[in-house]
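Shared between the two complexes below is subunit A, which has subunit B as its partner in the first and subunit C in the second.
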Partner chain A sequence: MLIAALVIAVSIGSERLAFFDLSDTQRSILFDIRLPRVLLGACVGASLAAAGASLQALLRNPLAEPYLLGVSNGAALGTMLAFVFFEQFFFARPLFALAGAGLATFTVYQMARSRAGMNVERLVLSGVIVTTFLSSIIVLFTSLLDAARLRGFTFWLLGDLSQATMSGFYLTLGASVLGTIVLRSQARPLNLMMIGERDAMDFGVEVGRVRLIVFGIASLLVGTSVAASGSVGYVGLIVPHLVRLSVGSDNRLVVPLSAIAGAIFVVLADTVARTVIAPRELPVGAITALIGAPLFIYLLRRN
Partner chain B sequence: MFFGSKTGRFLILDFRFWILDLKNSSYKLTVLLSLVVMAALACHPVDVPSPVVETREVRDDLGRVVYVPVKIERAISLAPSLTEMIFAVGAGDRLVGVTTYCNYPAETAAIEKVGDTQTPNIEKIIALRPQVIFISTASQLEAFSKTLGEQGIAVYVTNPKTLDGVLENLRQMGDLFETSDIARKKVIDLEGRVSIVWNEFQRFGDPRPSPRPPKVFLQISRDPLFTIGNESFLTELIEKAGGDSVTSNVATAYPKISKETALALKPDVILLSDSEDNTGPSDVFKDSPAVKNGRVYKINADIISRPGPRLVDALEEIAKDLRSKN
Partner chain C sequence: MLQVKDISVWFDERKVIEGVSLEVASGEIVALLGPNGAGKTTILRALNGTVPLKSGEITLNGTRLNELSRREIARNIAVVAQENETKFPITVIEFVLAGRFTRGAAFGWETPADIEAANNALGMCDLSGYAKRVMNELSGGERQRVVLARAMAAETGILLLDEPTANLDLSHQALMFRLVRERCRDVGASAIVITHDLNLASEFAERVILLKAGEVFAQGTTDQVLTRENVQRVYEVQVLLDENPASGKVRVTTVY
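For the complex of A and B:
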């Protein structure tokens, strides 16, 4: 199915291509622009969905999502700082995004921790606080800095895959594959933790370690995808839900399948974003939110 | 004095409603209600006698009927293009407020700033007691002009879509500020310069069969790739300069264009609106004739982004770039 989605996405675009008789221009369109974008979309979708799936399992909260916990906004702020101060370094953006995502996660985690252990409601609330706080810093930056310089940035904040390059793709590919494998390796302890952290400890699960790994890897996945494509919303929320509806809640299945389904979802959403008002474009984040939000309300009511 | 003024009255009434509504405890409703009350009151004449000013009826670019004083003494411009126009017709000394973007001519530095074009400070505007406010629909909002109208300040909207529209606006400004002679001279001068460009373009086009006009891509920002579309005055300007905008059939004024499409456009000339995020052509143009032949030109962003009198400077510069064989 992922392959089918990729094929569909590559064959549709604002320019029609004769696939068996490519001119130089068409080859360039296909290999320099469309292919990197589709592949990047797949990696971003996989990263966000896998991160969402494991965070939901870890926090035993179906609403846990990179965006809700402030991880994405941390990454966005990091990317913005890199963009403002270290524009010339290629690696500055993903590194700062990762640092931002990690810091946001750490802050939320520290805020939510209490003597009694980890309180799930408190964690989600902390996430909301950190998210809004970081948003306001981002708004502050965009208002203070020269408008022309950050014009691109505000567009990118909505989730925009049009700046895809092969090098950006390799980085995100590496992160998404590595991240999904690591998260998959934590699936069994996550399954036990879903029953309850105390029960999991009785089964010999090192809860703290699992938590650290999942938070760390989720930050890595979200950081690299935000650095590459901005904030593509709802993927980490919707995709794992749909996967759970069809295969149950065993994380050994949910995590890898979410990655695949997330890739399909973003690739198809971006195909719509690229073509629906061609030759103009929409940000992909608008499409995922447009599909994601109503679907989420439906799921919420059904449960 | 304070309580006799319009704002003073509103403050008191506003406050009273606020207290009443606190019992109902809906904060948003309170704000909404007090706004409605303020708006309703604003429609009624207030018993403070305002100085009688003789007004006349004019129509602005949106076809709205606007009552402006016969003699405009205090005006505010909320767009750099309008500031430049008002100075060009010799009425710059009657501007009491401009935006932070208004940086031309140099005299604008001494004029009070009322915020930027998107978020002007309405309190400051009212405090400056303008008779007329000039806004351009290119960047400004309806709700805002409504508030000003309720304050008894005339709001005049200009919306030039072509170079001729800009010249027409200059004539209108001359009429409004009673400086028609200066405005007329300015327009004749600009028309002369436009026709020189046009004539040279004609000469450039000969001998027949004339070479096709160069295909021009105007890049506003590199990443994301923004350009001009069919609703931008720049599409027409490029045509007048002897070129052919390759994005002239794309909808809207300033679209973000697909990189695939841009790559297939193969422009002969790329014009860069000179700004920090637009220092070179997008990578998708690396195989285009423009980049291969080194025909990439930067143009001052201020002069090509403002539909004001300096648009003719932009026209001359684009024409020169299009004609230079490298």
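For the complex of A and C:
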């Protein structure tokens, strides 16, 4: 299915491409623009969905999502700082994004924690507060940009794959594959933590270590994704939810399948974003949010 | 064997447990009794190392508890506690298999032996046919039995039970204690049970520890501890004591 989605996504666009008899222009569109974009979309989708699935299990909350928890905005602010101050270094953006994501995760976690444990509302509220706070700092920084860069940046903030490059793809690919493997290795402890942190401790899980690994890897995944394509929201919410509906709650299945389904989802969403008002484009984050926000409300009500 | 020497536990500036010592030998059930807030649950949590001690020490088969990993502790001690609701559709068999976490490969899949142990435990707890049911759709009593099944599936030498009969009807209360009794007799396991039901404690426990305000008020055999004076002083109610005609054990009746 992932391969089918990739093939469809590559061939559809404002310029429809067959796979043979391509002119030079078409070849260039295919290899320089569309292919990196589609491949990057797949990696970003996989990263965000795997991170979302693991964060949900860790926080025992199906509403935990990198975008809603402020993790994406942390990464966005990091990227922004790198963009403004260290534009010439390729690795500055993902590194700063990773640091930002990690810091935001830690802050939200500390805020949501209380003696009585962590409830759904408290976590979501902490996420909202951190998100809006970070947004205002981002806005502050955007005022430093000139008009041309400002437009590009605004698009990027909403989640945009149009700036895709092969080097960005390789980095995101590495992170998404490595991250998903590590998260999958924590799937069984996560199964126990989903029942309850105290239960997990009672039955032999080193809860602190699992938490550190999952927060760290989720920050890596979100950080590299955001550095490459901005904050594509709700992927980590929609995809694991659908995966759980079809295979149940076992994270040994949910984590890897979310990665694959996330890749398919973002590739398809981006295909819609590129074609629906072609030749103009929407940021892919607008499409995912359009689907994700109603689902979020539905899940919140059901809780 | 679990040995507790003179432990105290403080939550911030508040003393919860002071100078508690106890010992649980192989094959016996020890009942932990006392009014609400006496520190029963805190002692139970200290016994598997999930509450830090301010002073004193707990040893498991001769090794200090704080030198053992969570995994090593869980391989020897299983807990039956009040279960909190989960937001995910976890099935009964998935829940019970959590008890097998310390066996085999932690990151891989369960072995056939794990599945068999889980299914046996479900059968024992009168839950055959429940494997694929979702936890959130069960009644409180059914969930409580699943929690017991998880501890049984862990096949540990020590069981810690925190009000295991709180949600259970009469027949399942008896089933719960019978299972614990059998586990202790057949494989030399030991159990520490918190309960508010003095009569169940009297029927099933070899020894009783009566707590008041974080300290041991009395401990010993059921007959020694469950006296009219002790019970009235600790619970501050009038009681009558007689003998259960069926078992010959002490029977406590509250006078309202």
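FYI, the second predicted complex is superposed on the first by the 273 of 303 C-alpha atoms of A that agree within 3 Å, B and C clash if a C-alpha of one lies under 4 Å from a C-alpha of the other, contacts with A are read in each partner's own complex, and residues count from 1 in each chain.
Definition applied: a contact is a pair of C-beta atoms (placed from the backbone, for glycine too) under 8 Å apart; a residue touches a chain by one contact, two chains touch by 3 or more.
Source: prediction; values computed, not measured.
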Let me test your reading of the model: by the given contact rule, A:Ser162 touches which partner, first (subunit B), second (subunit C), both or neither? first
If we overlay the two complexes on their shared chain A, which of subunit B and subunit C does A:Glu121 touch? Say first, second, both or neither. neither
For A:Ile29, using the defined touch cut-off, is the partner it touches subunit B, subunit C, both, or neither? Pick first, second, both or neither. first
Taking the superposition as given, does A:Asn191 touch the first partner, subunit B, the second, subunit C, both, or neither? second
Based on the superposed arrangement, let me know which partner A:Asp199 touches: subunit B (first), subunit C (second), both, or neither? second
Going by the contact rule set out at the top, does A:Gly152 touch subunit B (first), subunit C (second), both, or neither? first
Considering only touches as defined above, state whether A:Ala278 meets subunit B (first), subunit C (second), both or neither. first
Could you list, by residue number, the parts of subunit B that touch subunit A in their complex? 221-226, 250-252, 255-261, 263-264, 266, 275-278, 283-284, 287, 301
Which residues, counting only subunit A, touch subunit B once they are in their complex? 13-15, 24-26, 28-29, 32-34, 146, 148-152, 155-156, 160, 162-163, 274, 277-281
State the interface residues of subunit A toward subunit C in the complex, per the touch definition above. 57, 60-62, 120, 185-189, 191-192, 194-196, 198-207, 244, 248-250, 252, 303
For subunit C, which residues are in contact with subunit A within the complex? 48, 50, 69-71, 73-75, 78-79, 81, 83-84, 86-91, 94-95, 98-99, 101-102, 106-109, 150, 154
